[in-house]
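First chain written, first letter: the chains are A, B, C and D, and each begins at residue 1.
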C-alpha cells in the first residue's frame, strides 16, 4: 500500500528572500514532495497561507505521515491547528520535523520541553554520523555523510531523552548536535531531523532526501487511526472484568462522565 | 539543606462534598503538607482560589518540588500559570503529579500526550507492586502494599514510555495500571503517582505518604535554577570554539536574534 | 519478501511429561512453527538435542527472527551457542523470547540483568492488557485478552527498563507482570512475551499466536546482516575526516589492532 | 554518610610504558583515588595483579561505587570476578566505567551489547559538550570543556540506548562520540565516561576529575544491598495475595525450586 505523506511548509522565505527563492523555486515543500514521489511515496503539500494552513481535519485524516518545515512564522500557526496536528499524531499519524521546526508549535507540544539549542549561521561544514547500527531511517546512507554548508545547531538540545538517537552531527566550528532522534507519542511516531537551513541547498542533497524518505516509511503506522485519542472511558461496575461490588462512597453517579 | 515543597490543590470537593470534607478537613493539600513536614521537608500549600492560584513567579522560585492535585477544575487553571509551572520544571523544579492530576494542564503539557486512561469508582482493592528494585521512591515501602478502597485506573495510560516505571497496580476488578512513573523534562524531574481518589482516605495511608515524601527527595535538583530555560543563544562566528569563516549566504545579520 | 523464522525449543518436557506431551504432541516448537507458517512466515525448527542445538552459523545466517523456548535445561545450552545467538542479534537477527526463556542464556546475556521474577504454578487466570496503543505487536488482538489457566509470573522482573512496554498482565492471585517488552541490541530487536507454561494449552490460543506472529514481523530487520558486530576499527591519522597531525606520545604503532 | 569508592585498574602500562609511568607514577588508580579523597569520598584501590584482582566478596560488599579502568589486559580478568562485579551492581553497587573499559568484561556483561567503537590515537583535541541540562554528573563543569590531547573514539558506539546521555564529544579529526551515558541495571547505576587514554594526562584534568567525583555521588545507592539479586522465589498457592485454588496440572510440587 502506498504511504500518503503531506509536506507542510510555512512558505515564507522562498517568497521574500532572493537566495532562498533561487535555491527552492518550487518551495522547500515542493522540492521535498518531488523527492518523496520519486521514492514511491504519495506526497501532497500544504502551506501556512492556505485556509486552516492546509491542514483540515480531512487532510490530516488522509495523511499517513506529515512533514513540517517552519522557521520565521511559528507564531502565525493557529493554536487550534497545532493541537489538531498533535491529536492526529496521538491517533496514529507519523510526524517528521525538519530543522528549524524544532521551535514549531506541534513539536514543542509533543515533546513537552523547550526544544531550544544554540545556533550559528556561517555556512560551515556539518558531518552527520550514524549512531544506531542498521536503523531503518539510515538505510542506504553512508556513515558519515557531509553537508559542506549548513547552519550550526549546538547542544544542549532541549528535548526529552530520545527513544533512539539515529544521528549525531559534528560541526566545523566545534559543536555537536543530536541530529536525528525518535519518539513515540500515543499511536504516532515522531522523528526530528536537523539539516535544512533555507539559504543552503540541503534539500537537494541525495543523502538528506534518502533519510527523509526512510523516515516517512519508518513513521508510517498501518493500524487504523484511533477515533478519539483523548477518550477516558468509564468502566461501569457491572462491566468490570472480575465481578466486584461497589463499596464506600463516591463522587460519580454510575456511568457518569469523568472530570477534565 | 531542607527541601522546600509546595503542595497545590484545586481545593474543591473538600468544600462541596460531605464525604471528602470529612476525610480531609484540612484539605488534601493540608494533609499532605503535614506529612511532608513530619518527614523533614519544608512544606507550604497553594490552591486554585488564591491569586494566580497561589503560584506566583516568586513562589515557584522558592519551590524546590511542586506537588499537584486536581480533578474537577482542571479547566479553571489559567493557561499562563500552567505554562509557568512547565517552565519552572524545565528550569529545575521537581513536580509530583497525584492521581487525577493526570489530566491537569501542567502534566499534559510536560508529557506531550493525552494522559488518558480508563476508570471506575467502586471502592475496590488496589495492590501496588514495586517494579524497580531499590528505587529511592520506594525506600521503606513494602512490596506490595494494599489500598483497600480506591478508584480504578486502567491501561492504556496515555503517557510517553516512562524513563523508569516504579510501581504497577493490580485492581480487584481485573485491571492493571503503571502507577508510578518517572520522566526528566529539561533540568526538572517529574513523577506521577496514581493513588488518591478524594472519597477514600488514601492520603492518610502511611505507605502512600512515604512514597510521596520519597518522591519529593528524588525530584529535588540542588543545581541552581536555569535562568531562561527557553534561551536559544546565537554563537557569533568569531566566538566559534574552532576558528571558522563565514561562507555562503545567510538570513541573519551577525548577532541577530533567531526566529521563534 | 518472506520472513524466515526459526523456532528453538529445548524439547524436554514434551518427551518426559505426559501432560505436556498430550498438549504438544509435535512439541512446542512444532505448534508455534505451524502457526507461523499459517501466518505466511517461513518457519523452521531447532532443538537442544540436535548438533550445535540446531543453531549452526549457517542456520543463524538464514534466520531473520529466532524464537526461544526453554525451561528445565537452560544449563545444558552450550555457552558458545548462546554467545553465537547474541552476536547474531547484534548483527541484525530478531529474537523473540518466550515465557521461561527469561532465564535462558541468550536472554540474560542480551539484557545484562538477572531477569528474575516471582512465580506460582496454580493454573490461575491471566488477563493481558495492552499498554501501547496501536503497537504493531498487538495488531488485531483484543484489549485485554484472557488465558484461563496460566502460571503466574510476578514483579519485580529483573530486566532493564523496556524501550517499549506492550503488555502488562493481571493475575487472579493478585500479582502483575510486564508481559510484553521490547529492546534494541545492536542491529537486532528483542521482544519478551510472558505466556506459555508447558502444562497449559497456551500456544494453541489464537491471541497468543497472533502476538507471536506480529512480533516476528516487528523484529525483522531487512538490512543486510553486519559482518562483524564486534569490529572496532582503527581510523589511521591520514584517514581522519578532517586533516590532523599526530601529536604527543602513543601506545600504538600506526594501523595496529586495538586491545580487547 | 561518607561514600566508599574502590578504584580498580589493570595497572599494566604504568609498569611497562615509560610515557604512562611518567604521567601516572602512582598509577591511574592512585591518581583518581587521591582526587576522590580530596572530594570527600573514601577511596580505596584494587588492581589486576592482586589476589582475586583485589575484588573479593568482602571488598565489593564494602564498596558503594566501583570505578573501572582497563585496556590491554581485559582478557586476563577472571570470568568469575567479572560476574561477581555484575552481581554486585545488580544488588545495588554503583559502577563507573572509564575510557577503554568499554571493552571490559563487566561493562560488556552489563550492557548486553558489543560496546565497540572506532578509534585513533593522534593526540587530537576533544571538546566535551553537556547534553543534559543541570544533570548532577555535570555539576560545576563548564559547557563545553576541552582536552587538548586525547585518543579519538567514534560512533557508532555499540551500547544500548542510554537512559540519559550526559556528554557528547567533538573531535578535531571529525568524529563525534556519546562520551557520558547512564544506565540502571537492577538496583545499581552504571555510568560510562569516555576520556582517559593513558598516554595523555587526562586524569590530572580538573574537569575530568570533577565529573568522576560527581558520578560517584550520582551512582551511590543508599539502600541496603539486595541479598540475592538472582532470587526467583516461588509464591505458594496458599500465600497468594488473593485467595485462589490450584487448577489444572503442573510440573512442580508445591514449594519446589524453579528451573534455571
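Simple rule for what comes next: a residue touches a chain if its C-beta (ideal position, glycine included) is under 8 Å from a C-beta of that chain, and two chains touch if they have at least 3 such contacts.
This is a predicted model, so every value here is computed, not measured.
K.L.:
Keeping to the contact definition above, tell me which chains border both subunit A and subunit B.
P.N.:
Common neighbours, subunit A/subunit B: C, D.
K.L.:
Please indicate which chain is farthest from subunit B, where distance is taken between mean Cα coordinates of the chains.
P.N.:
Chain centre farthest from subunit B's centre: C.
K.L.:
Report which of B-D and A-D is connected by more C-beta pairs in contact.
P.N.:
It is A-D, judged by the count of C-beta pairs in contact.
K.L.:
Just curious, how far off is subunit D from subunit B if you go by their C-alpha centres, in Å?
P.N.:
The separation of the two C-alpha centroids amounts to 31 Å.
K.L.:
How many angstrom lie between the centres of subunit A and subunit D, each centre taken as the mean Cα position?
P.N.:
Roughly 36 Å, centre to centre.
K.L.:
Mind pulling the subunit C residues that touch 2 or more other chains?
P.N.:
127, 132-133, 144, 154, 158, 161, 163-164, 170, 174-175, 184, 186, 229, 241
K.L.:
For the complex, which residues does subunit A have touching subunit D?
P.N.:
127, 129-133, 143-144, 154-158, 161-165, 168-171, 174-176, 178
K.L.:
In the complex of these two chains, what residues of subunit C are touching subunit D?
P.N.:
Listed in rising order, the residues are 13, 17, 19-20, 71-75, 86-87, 90, 100, 103, 109-114, 116-124, 149, 152, 154, 158, 160-161, 163, 172-175, 183-186, 198-200, 229-237, 240-242, 244-252, 258-260.
K.L.:
Show which residues of subunit A lie in contact with subunit C when the two form their complex.
P.N.:
92, 127, 132-134, 136, 139, 144, 146, 163-164, 170, 184, 186-187, 221-223, 226, 229, 241
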